[in-house]
Structures are given as C-alpha cells and as structure tokens.
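Residue numbering begins at 1 within each chain, and the chains themselves are lettered A, B, C and D in the order written.
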Amino acid sequence: MSADKSAARGEVRSIDSLVTFPQYLLLNARRFATRPAMRHKNYGIWQSWTWLQMHEEIRAFSLGLKELGLDKGQKIAIIGANRPRLYWTFCAAQALGAVPVPIYSDSIAEEMEYVLEHAETVMAVCQDQEQIDKVLSMGKKLKTLKTIIYDEPRGMRDYDLDELRSFEDVQKLGEKTLGSKDAADEWEKNIYQAKGDDLAVMLYTSGTTGRPKGVMLSNDNMVKTAISANEFDHFDETEQIVAYLPLAWVGDHVFSYGQAFTAGYCVCCPESAETVNEDRREIAPTYFFAPPRVFEIMLTAIMVRMEDAGTFKKKMFHYFLDHASKVGEKILNGEKVAVFDRIKYFIGELMVYGPLKNRLGFTNVKVGYTAGEAIGPEIFRFYRSLGINLKQLYGQTEASVYISAQPDGEIRAETVGRPSPGVEIEIADSGEVMYRSPGVFVGYYKNEKSTKETKTKDGWVHTGDAGFIDDNGHLRIIDRAKDVGKLIDGSMFAPKYIENKLKFFPNVKEAVAFGDGREFVGVIVNIDLTSVGNWAERNNIAYASYQELAAHPQVYKMMAEHIEQVNRDLSGEEMMAGAQISRFLVLHKELDADDGELTRTLKVRRNFISERYAPLIEAIYDGSTEKYVDTEVIFEDGRKGSISATVEVRDVKVFAPVSHKEAAE
Amino acid sequence: MSARTAADIAVGEDLLHVDDISLSFGGVKAIQNISFNIVKGEIRAIIGPNGAGKTSMLNVINGFYHPQEGTITFLGEERRKMRPYRAASQGISRTFQNVALFTGMSTLDNIMAGRSLKMHRNFFWQMFRYGPALNEEIEHRRAVEEIIDFLEIEHIRKTPVGQLPYGLQKRVELGRALAAEPSLLLLDEPMAGMNLEEKEDMSRFVIDVNQQFGTTIALIEHDMGVVMDLADRIVVMDYGKKIADGMPKDVQSDQNVIDAYLGVAH
Amino acid sequence: MDLLFNIFVSPFIEMVTMPDFLLQVLWEGFVSGTLYALIALGFVLIFKASGVFNFAQGIMVVFAALTLVGFHAAGLPAYVSLVLALAVMGFLAWGVERVVLRHLVNQPDLILFMATIGLSYFLIGFGELIFGGEPKSMITEQLGLPTGSTTIEIFDGIVILQHLDIAAAAIAAILVAGLALFFSKTRIGRALRAVADDHQAALSVGISLNQIWAIVWFAAGIVALATGIMWGARSDVSFALQIVALKALPVLILGGFTSVPGAIIGGLIIGFGEKLFEVYWGGLLGGGVEGWFAYVIALIFLLFRPQGLFGEKIIERV
Amino acid sequence: MFYREAGQYKTSYKADQAIFPIFQDRMAIVFYLLVAFVAIPYFGSDFFITSMMIPFLIFSLAAIGLNILVGYTGQISLGTGAFMGVGAYACYKMTSIFPDVNIIILIISSGIFSAAVGMIFGLPSLRIKGFYLVVTTLAAQFFLEWCFIRVPWLYNYNDSGAIEVPQREALGVIVTGASATPTTRYLIVLAIVVAMTWVASNIIHGRIGRSWMMIRDMDIAAELMGIRPLYAKLSAFAVSSFYCGVAGAMMVFFWLGAAEVESFDVNHSFLILFMVVIGGLGSLVGSFLGAAFIWILPVILRAIPDTIGLDINAATVEHINFMIIGGLIIFFLIVEPHGLARLWALAKQKLRVWPFPY
C-alpha cells in the first residue's frame, strides 16, 4: 500500500462538522499523517503506527469486515487485552455503521455467553486462542454469531472451522477490494454519511446486582464528551498514554479511543499484563489514569521496597517525603512557599521525588486521574506532594464517563470536583446525585424498564449515589444511595464511607460494613497479603497460608488498631459520629470476583456477601467470639472446592462524639 | 491432536537413516549395531533405561562422537565421520541433557548465538558495527524475537541465563536450538528435572514446534508417559542395543521393553 | 646442507666422540632435572589435594631458603634455624588456608590461580622487606651438607660430580619415598588421596577439608625448603629463582598434574633435554635456549598427547 | 539517581541494540571524553600526564587485548608481555625501513605482526585447554624474549641491545622522541586507545564477539551450534595480540622512549593479567579500571611516605608496595571475584533503581 494512494484523498471537511471517530481518523490521517497514533510493545520493541498507517490498517480491516458481511447496525464483539488491532476494530466497525461491543476478557464463558447472546453479535474479534476457546465452547447456542476473527495465530493451526479467520486474512480480503477503484471512495463516503445520533458503541456494565446491562452510547455522546474532556485538560496530539485498563470499561474506551482520536494523541499498548509497570516506565505517559486500587498497590510496593533499603537511604527518603507532604502540594498548586522550603524541595526532587517518579514512569505526567472509587486522602496527597498532578473525577458509563472533575488548582482529596463542561448536576430530595449532559446514554439495550428507571424524560440520570455540593461548589459523594441506612438509634450509616476509611490502611485490602437497621456497626475485614505478609516476614511471624495469617492474633491486634483509628476519625464528624464500628472479624479468605464476591471491576457485592457469610454476620451481632464456617470456592480452572475455618470476632473501642466546635479549636 | 498414523509414516520420506552403528570407548561398548530411520516431520523418541546409550546415539548423529562402524545418512548424504559444526550447518540442532547454555550471556544473546550459522558479515563491517553488519544483527534480532514470543519468554529477554530457574533455562535452550531453523531437532531429555506443570508446558512447545514449523524432532526422554503422548514412533534401547522400534502402543506392549524397564536380568 | 649437517649429524658425532663430555652434560641435566622435579612435586601435592594451581610454589622455595639463611644470619645455630624455618613454613600453610583458600572455595580455577600469584607478590615483598633484596649464599656447610667434588675418570676423560649434587639427588629420593609412604600408609595420607578423588566423598568420611589443605601446603612447604637448600647451595638465594621455578609447568605437563612419579620423570626429561639441546644444538641458534626449550618441548608434547604422559584419554561428554 | 530512564523507549532494534541504549550513559561517555581530551591536557601536570595517564592508557589497551582472550574467549595467556614486545620491535624495524611513513600508521600496522605471531602461538589452543594453554603462552613468552636478545637484526645491531625511538613528525608536530611534548604524546595515545576501544566494543557486541563468548561459556555447545573453534579461537588470538602489539609499540614510542627485553618480560604479562582479573573478566570498562588500579595505585603508594614526611628508603617502599598489591589482589579476589567491573555495574544498577534498593 503506497502512501500517496491511500492518503485520505476524499473531500476535506472542517473539524467542527465531524461527528464520528472514523471521520476523525480520516482527518488525523491527513493532519497528523506522520505522527504516531499507536505503539505496541511487541517482539521486544515498540512497534509504532502513524495516523496514516493506522488509517490504512483500519481501512483494510474495515473493508474486509464488509466483505464478510458486516452491515450497519450489526453488533461485533471485541474480546481481549489492550491490543492495537482490537482498538482498530472499534473504528473499522464504526466506519461501516456497525456497533462494537467490547467484552471483559477475564469474564468466564458463561458471562460472555450472556453478552454475546443479548447483544446479538454477528461477529467476534478475539485476541487469542484462549478467548476463541471460550467463544467456541458456547457452540451452537449463539445463533447470530457467524464469524470469529483472531489477532494472534498462535496455536490456531489445528482449528479448521469455516467461521474462523485471522485478522490478517480479513485485512487481505479488504485490500483485495481496494483494487477496484471505488472501494476506498465509497468507504469514505459511507463514513461521512454517519450521523451524530447513530449508535457508536455498546458497553456492558457489570453492575453490582443482576445481569449486565448494555449501555448504548451514540456518536454524539462519545465525540462531544471526548472533545470537552480534551479541552478541560488541554490535551493535544503530543500526549502519550498507556492503555492497560479493560477495553470493555468505559474509561478506557474514552481515554484510549475517544480522546485519542479527537485529540490525535498516541496510545501505547503494553507487552503483557505482567510488564505494565515496566512498559509504563519506558513510555512515561503524559496522561495517566488509574483506579485508586492501582495507586494504593503502587504506594504499598514503594514502601515495602524501601523497607529493604539501607538506614541512610531510608532516613533520607522519609526526610524528603515529610518535607514534600508539607510543601509539595502547595508548590504544585502554585501557592506561596518560603524560599528555603523551595530549595529543600528542589533537593528532594533531585534525590527522591524525581527518581521515584522516574521509577514509576510518572516523570512526564501532565494530568493523572483517579476515579471509580474514593481514594484515600493519604494516598492522594502522597502522589500530589511528589509533584504529580493527580486529580479525581466522578463518572459513569451512562454519562460517557465525565460527570464531575477537579479543575487544576482546585484539588481537595475529599471531593470529586466541579461539574464537567456541559454537565448539569442536581441533588434530589432523597440526597441522590442526578445529572444531565451531552454524554448521557441513549438507553439500555433491550431493557426499556431499566432505562426508564434510570433516565427521566428530561434527560436527567439517576446516579444511584448519595452526595452533596459543598460550600466551594464541589461535589462530594457519600455512598451508594441505596446503601445509606440508619442504625436502630437513628444514626446515619454510610457503609462505603466507613469501608473506604478502613481501606486507606495499606494492610486492609477490603472491608464490608453492616449496620442498617441494627444496633451497631460491624465490619468484615480482608487483609492485604502483600503488605501484611511483608510485615509478618519482618516481624518473624510464620504463616503457611492466607487463612493462617488472617487468623493470627497479631494481625487481629493490628486490625483492631486500624479500626480504632477509624472510629476516632468518625467521632470527629458530625454526620457520621453515631455509626462507629463496634465489632469486627478478619475474613479467612480473599474476596474474589471468581466467587462472585466482587464485580469484574473489583467492587464489593454487598448483598451477595451478606448472604454468603450470613452465619458470620450473625455471629457479629449475637455476641459470639468465634464462629465456624465452610465456604465453597471456585478455583481458576473452574473446579469447585471449599474452605472452612473458625473465625474470631472481636470488640473495638468506640469514641464519644466530638462536637465540631471543640474540634475546630 | 492430530497424531500421525502408521500409514503417514510409511509413506514419509527418510530424513535420517542410521545404519548398523557401533560405538565403543576403549572396550566399553556404548552402542552396538543400531539401525533406525527418522521420517520427515515426525517426532521420534529414543527411550531406554539409564546407560542404555541414548545420549551417545544423539552424539553420533550430530557428529560429536565418531562411530567405529556403520554409517549415517542425512538428507541423502552418507557419512561416518564429521565435525559437529558440519552437522550443524547441515541443519541438525540440539539441546542437552544438562543445560548447556552460554551462562555469561543474556537470553537474547543465547538465542542469537543459535543463529550463528546464518550470520556471515565479515570482520571489517563488524569492526565498525555499521552497514551490513548492523543490518544483519537487526534482521536476526527480529527472527530471535519471534522465537522469544513463541516460547513466551519476553519477560526474561535481557536476563543473564545463569540467573534463570532451571525450567526456563531449558526453554531458552530450546529457543537457541530453534533459532538455527533446523531440519532435525535433537532434544536430550527436554523434560528432565521438571515438575508436572513445566513438563506440560514443554510438551506443548515440542508439539507446537513440530506442527507450526514442521520440524522433525528426535527426542530422548525418561518419562514414559510423556513419550507415549508425544512421539509418533519410538526406538527402545537397552545396554547399547535396540530392543524395540515402532508406534507407541506397540512398544508399550512389547515384552522386551517391559523386561528392560522392570530390570529383568540379562 | 651445512645447516642440516649441523642439526642432524654433527651433534651426534660430537656425542660419540666425546662420551665423557656427554656424561658430564647428562649429569648436569640430571641435577637440574632433580630440582625441577622437586618444585613440580610441590605443585603436584597442592594440586592433587585442592585443585589449586599454586603459582607461588617457586616463591615458597626462595622464601623458605631466605628464612633459613635469615635465622642463621640473626645468630641462631644452623639446625635451630632449620627447625624454625620449618615452623615458618607451617605457619605460612596455616595462614594461606585461613586467609586465602577458605574464602575462595568453589571459585573458578583461574581465580584461585590468580590468588596464588597475589600470594607470590606478597611473599616477594615480605621476604625482601625482612631479609633485604640482595642475593644471599646458602649455609651449606653449617647444615652439614657435603662440599667438594669427585672426579671420575672414564672414556679417556673426566666427569666431575659435585658432592652436593649427589646429596641433592639423595635427599630428593628420600623425600619422594617419604611422601609415597605418607600417602599410602598414614591416615592423613589416605585422606588426602580421598580428597583428590572426590571432595564430597572425603567430607562424608569426616575429613575436614581445611585441615587437609593446611597439611598439603605444609608438605609443599617442606618440599620447598628442601629445594631451596639444594638450589641455594648451587647458586645464590634470590627471587630471580621464580622464573626458573616456572619451568615446573612444562614438567607438570609432561608428567601430569596429579602424578608424583610423573613429576619426577617429567623433571628429569626436561633436565636432560634442556642441557643436551643447549650444549649440542643451542650454538646454532645463538645460545641461551634453556630459557624456552622446556616450554617448546611441552608444547609439542601437548599437541600429540593433550592428557599428559600418565593421564588417561579424556572422553568428552555433553 | 541520575538515571532518568522514563520515556526512553525504543521503537527500532537498532536503538535497542545500541551499545549505550541509555541516554545518561551516552552523556557520561561524552563527559569522560571531554575530561580526557580537554580537561586533562589543559590542567594536567607533565608528571601526571607522563607517569600516570600515558602508561595508564597504554596498559588499558593491553588489558583490553588480553581481556578479549581471557575474559571473552576464555583462553588463558601469560604471553602478553612478549606480544607487546613483538609490536614494539616491529614498529621499531618499520621506522628504520620506512622512515618517511607516518609514525601513527606504523604504530597501528605493528599490531599486524603481533597478531600474526599471536595466531601462530594460538594454534595449540585448538587442542589444548585450560592451564595447559598457560604453558603454550609461556613458551611464546620465553621464546620471543630470547628472540629479542638473540636476533640482533631486531634492534639494528645496537651495542646496547635496546631499541631507541627516533624523532618523527606527524602533520608538522613532533610526536615521538625526546622533544615531543607530553601533551602531544598523550593526545595521540588517547585517540588511538579511544578508537580501538570503540572497535573492540563493536566486535564484541557482534557476531564475532558472540562466537568468542560461546567458546568461553560452553565450547562443545558452541561447536554444535556451528561455531568453528578454529576461526573463533584464532580470531580471538589475532585481535587480542593486535591490541597488545599496538599497546607495546605505543609503550616504547610514546612513553618509555627506549626499551630492551626487560620491558617485555613475563612480569609484564603478569601485570596485565592482574589488570584484567582485578578489573573484571569480560568487561571493557573493567580493563580501564584494572589498569588504573594496578598502575596508579603504586604511584600513589610511592608518593605517600614523602607526603606524610616519613623517611623510608625507596627499596623498602617498593617491598611494601609488592606486599600491598599482592594482598589487595587476594583481597579483591575474595571480596569480588568478578572484579571492579562488577562493582561498577552494581553501582550503576543502584543508581538506576534509586531510591529503591533493588
């Protein structure tokens, strides 16, 4: 394919008239022809594609899909890790007016089957043999699925099924049609015919309850959101990001596809899940996104590693970190800082912050976002004090992500910022946060009922979260609206709020709080194996298994201390002081998505857990000090087994509420 | 798995033919009058109890030992004595029972070393690492990366092999042998000292190599179970003699073989 | 033609026509061969038990001799000096094991070899610091060694035998016999052989490797002292000897690194060969060929028999 | 700490296979070169340049040569001194035969002679392994030493038996002989050493270097991979001796000014071997570090008594020197058998992962 033949040659459209991503592709192929569009660490180096090259790849594949019969409005599933070809599939399908449906690649076959069937997909593009096997295992149950395309040919030699094709084959098929004069023109024409309110993509939300729902998002939803997000943070074609979060998650779709296409920046795919950290270090993204968990894990890893450093180095490290926590954020926010402190911070940058950012791959980060859950204020401040412009945003699949975000210079750990450009926010009488924006979804696929429940006629959407706008005009989220409850004595009980406070301790991986309609608050705690394991090693505490470590008296003691600290915090907050934790237990197994205890995005499924561990919860409230339980688990390969244990329940100290006036003094 | 049938083998073309080979070391007879053939595209196993002369047989095939009697016909060329590098340049490549990697070099360099025969740029260009010499390095690096990808050892690409665990070393060694793009690949106990999972991985790689690249493989293995699953045909040796030769199921039920493995006195 | 004649004919004519001279040359060769053999013996002892190629053996010879002379010069009686010199060699062996070898177990051969070179530098510096750098003469008479010479009339000529040389040969013979007895009859000796065969096996029968190393180094020290006395008596005691000591290497190549008889025979071959070549052919090349002849012989020998005179054929395994 | 590798990603194999793939390393090299080419000639005293820098560079080159043989190919040699001698005598003869040819060309060409001699004495390495090879190289050492004495043609039948460096000009500047300034000689030596180090590094990172290392690590496997031991070993002997030869020629022409056989005796072989082992087998950086350690340390040691006002006679200092060097060698072998290069690499690694310990 020679460049001149393929260089987008159709009519020139003004940027303001573009309403779909394929249209942006044509534009970028012209305006950023030689700029990198994607990179993928493969075969040991960063294989790169310019926008022009990517345009050619996508066009060939798109035409191939067309040859295979993909038509406007049909659904095509995309299953796999972050690979350029899978991203190309989005655009290739959209160019034909078809609707891509990305599916979480770690879903088990059963979950996948539901989505494939529900969305009536006619084709599936899979990354590798593993995904192909899952799709094929559903056999004839998928009536609509006609073609399966794979990216990596490894191990596919023995599959001689008619419906299987390799990505290259499809591209070749498409290239063949390019031989006829009009194919390319027609393809472009077709792209320009697309409308803003056509469906762009369908994303299935895993949801904490029930079957996943297919959120339909239009071109307008996606493109407009992406453009305003770019403007909000001043992103242009010079950005580089690392695409490592699940393709099927709306965040990744917006950051790694939507914003990349509209701004024209470069998206880099890591070599494999194990090498993400190393690959991020190599690329040094300018824009970085991660859920709080990733930041937590990173911070834990930093501290654990530093434990092994020499005394001098450790001292120096903590000395400068202390200094950063004093002045780092101020410097980042452009506030006044004494010259001497600035000099000290500069030395710290040289000795600690700079190298640390370098090791983490954050050297060039202009903007970092965390969202999805509340982030621990300590963790949040830690990164900001190093000079990383980390911000919070609040979003949903139904909103094409952005509901609110923190503008530069107005960063506070406890809020999620101001309404994003074009978004209106209201707090309903029930305390639930509602919003309206150009990004608001079209509806749930084949689920009028849910659509109506979520979206009002005027376009307002229920977030399901309880929150309020604070004095500065920033949104604060308390909890899931339906989870906020009351203790018997009438105190407000916001489980997520309490759980998050607990989870901010590195040693606590997960916590589930109970208390609605009960006498007091009880908590089930999950320890963090990395962090606690490391602590155990340093303190010569021997343990053979997770279970043994979790039940260790010393671990219980540590957890009790953490919980006491949380209670002390809570006692200082007017609204929450009444709901302090009275009893807790440390769970003998890790909460796991495979067992249905967490969602695929690793959120706690509260109801499921309260059913599954009903005897334990009962033990918390009936005053017993221990309880025997037997739990069924599913291993990675699908086999079932069971874990049994006698779990100890402990009491913790509760603090008298501190009135706000006293606290202020 | 599409195992080859007896019929496939029967019509197959001989890649290697070993004829009446005898080898002795100062009176100790390591191999006595052994003959067998290896057909293009098959996986041929040589099994036998310890000291049966299996490794010596491989050493004879790739020219490391010179048999006192008999001939070896490879790709239609008959010979008895040859230097190992001749065998290598004809397309015989191998792994070793006790991993024989170049311990001072990285995984990448080890596999690159496997491509030595394919690299020819002369000293002059090498001196300046420029032009043809550099292009050659890059071209072969690409080929090596494909092997690294194939064997799923990306994460240890630049690790010195001496620091790798045993299982991975074996895999790197396979990679090094593959790098030569051999027409006959000799594997000397590829699964020795591995745990079950590693054995499964290695078996998968061996089968993949055979199917994906169509490489003919001769392997020595101790683990009968593995051999029965992997091999198309099996030669059984005991005390330097061939005691059986055939398809896995035939060999399995052969009385001589059972006796040899149970250690019946001779 | 002249050249070929000079190489292949005239030396032999010379030998036949002057047999007394030939005998004298052979005797000289025998004497220097004995000394080579003694140095080689020290190498063999250590190599056999510890696998260490002890480059410092030559220096130990000088060091031992210097110590002996030094004690005497300080006013001690000759025999007391001898005993003290022995004690010093024992202390040295202990120190080497303690400070050097113990820390280098399981290192590659080259590293151990380098360590012995380091040791020899240390000993040279130490020896010269204590005893001064200038050559000294051996206290031959004080030790009761014979002096003078015997002239034998034979083949119409004479052969002169130094008494000292005879004594040297005798002492060498006694040393070798003693060592042979030690190896075969004593518990430690047998242990030493076990170590040479298999370190693991030796450990399993409860022999401390450290002790063994100290003992062999001490044994090598005794051999070194004996060699030093003999050598010092013939010339001076000085560190220039280390170059000569290097000739133990070709001797070992011929005799094999682990064979005591090999060391003796190798030493004699080199001794005879060197002298004969120097006297009868050296002139053709301008003389001074003693410096390299031994090595070239070893080299040529190696090309045909890489495993040495007494070694077994090596079967390479993969 | 100073390594900021974030953002240094490679999009081509050419960049990934570069000898210094890290930007900061390339900067460091530029820095060292600036110091060597600009700062030292400008600020260095004549004593510093003549007694420390010039011999240090020359020995570094010889150490690189020996390292190619011992460190990269695994063939032990004790003939370095003699191979250096071959270079020196060859260069001397060429200056008398071709008085008009540029001296620098002659210096480089002299390496060809030592390479040829090296190959001849390398031949036995095809059959002989390990310590046995020491004997072969010792044979070369003593035989060549003998030649330097007994073949008067080599030193133009001088009565003194020594070779003396004639005065020669290059590009109108006196570069050899007594009137050449230390700075001129230093700069020429430096340029040659830098260029040859670069070439050595190229060879080592390429096909030929790899074949050497294959022979070193596992010669049987190497042969079964298609490496011809003959080519690999002889090329190593040739390249190694070439480097030693050039170093030898430079030693006489740019440093000593005159030399006789003692300058190339077996003690020199040991000296260079020390440099290689202390510096680190199989490391070019190590060759420089080893040369610096072995050469510069004694110079410093010798200066110590004077500096602190102790009146010790020179001979005693020399003896103590011997002891210290011997002791340090043993100490180093015990503490870090992989030499200074390993320490260097560890330090670099520390800086790369800073502030983390690993």
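What we mean here is this: a residue touches a chain if its C-beta (ideal position, glycine included) is under 8 Å from a C-beta of that chain, and two chains touch if they have at least 3 such contacts.
Only a predicted model underlies this, so the values are computations on that prediction, with no experimental measurement involved.
The chains in contact with chain B as well as with chain C are D. Least step count on the touch graph, chain B to chain D: 1. Summarising the inter-chain layout, the chain whose CA centre lies farthest from the centre of chain C is A. Of all chain pairs, the one linked by the largest number of contacting C-beta pairs is C-D. Averaging Cα coordinates per chain places chain A and chain C 78 Å apart.
Chain C and chain D have CA centres that are 33 Å apart. In whole angstrom, the spacing between the mean C-alpha positions of chain A and chain D is 57. A straight line joining the Cα centres of chain A and chain B is 47 Å long. Under the contact definition stated at the top, the residues of chain A that touch 2 or more other chains are 44.
Residues of chain B found to touch two or more other chains are 64, 96, 100, 141-142.
For chain C, the set of residues that touch two or more other chains comprises 316, 318. Contacts from chain A toward chain D in the complex involve residues 39, 44-48, 281-284, 302, 305-306, 308-310, 313, 316-317, 350-352, 354-364. Residues 1, 3-13, 15-16, 353-358 of chain D are the ones that touch chain A when the two sit in their complex. Residues 1-2, 108, 141-142, 145-146, 148-150, 154-155, 157, 208, 211-212 of chain B touch chain A in their complex.
Considering their complex, residues 42-44, 154-155, 157-158, 271-272, 274-275 of chain A touch chain B. The touching residues of chain D, counted against chain B in their complex, run 12-14, 16-17, 19, 199, 202-203, 205-208, 210-211, 213-214, 216-218, 220-228, 235, 282.
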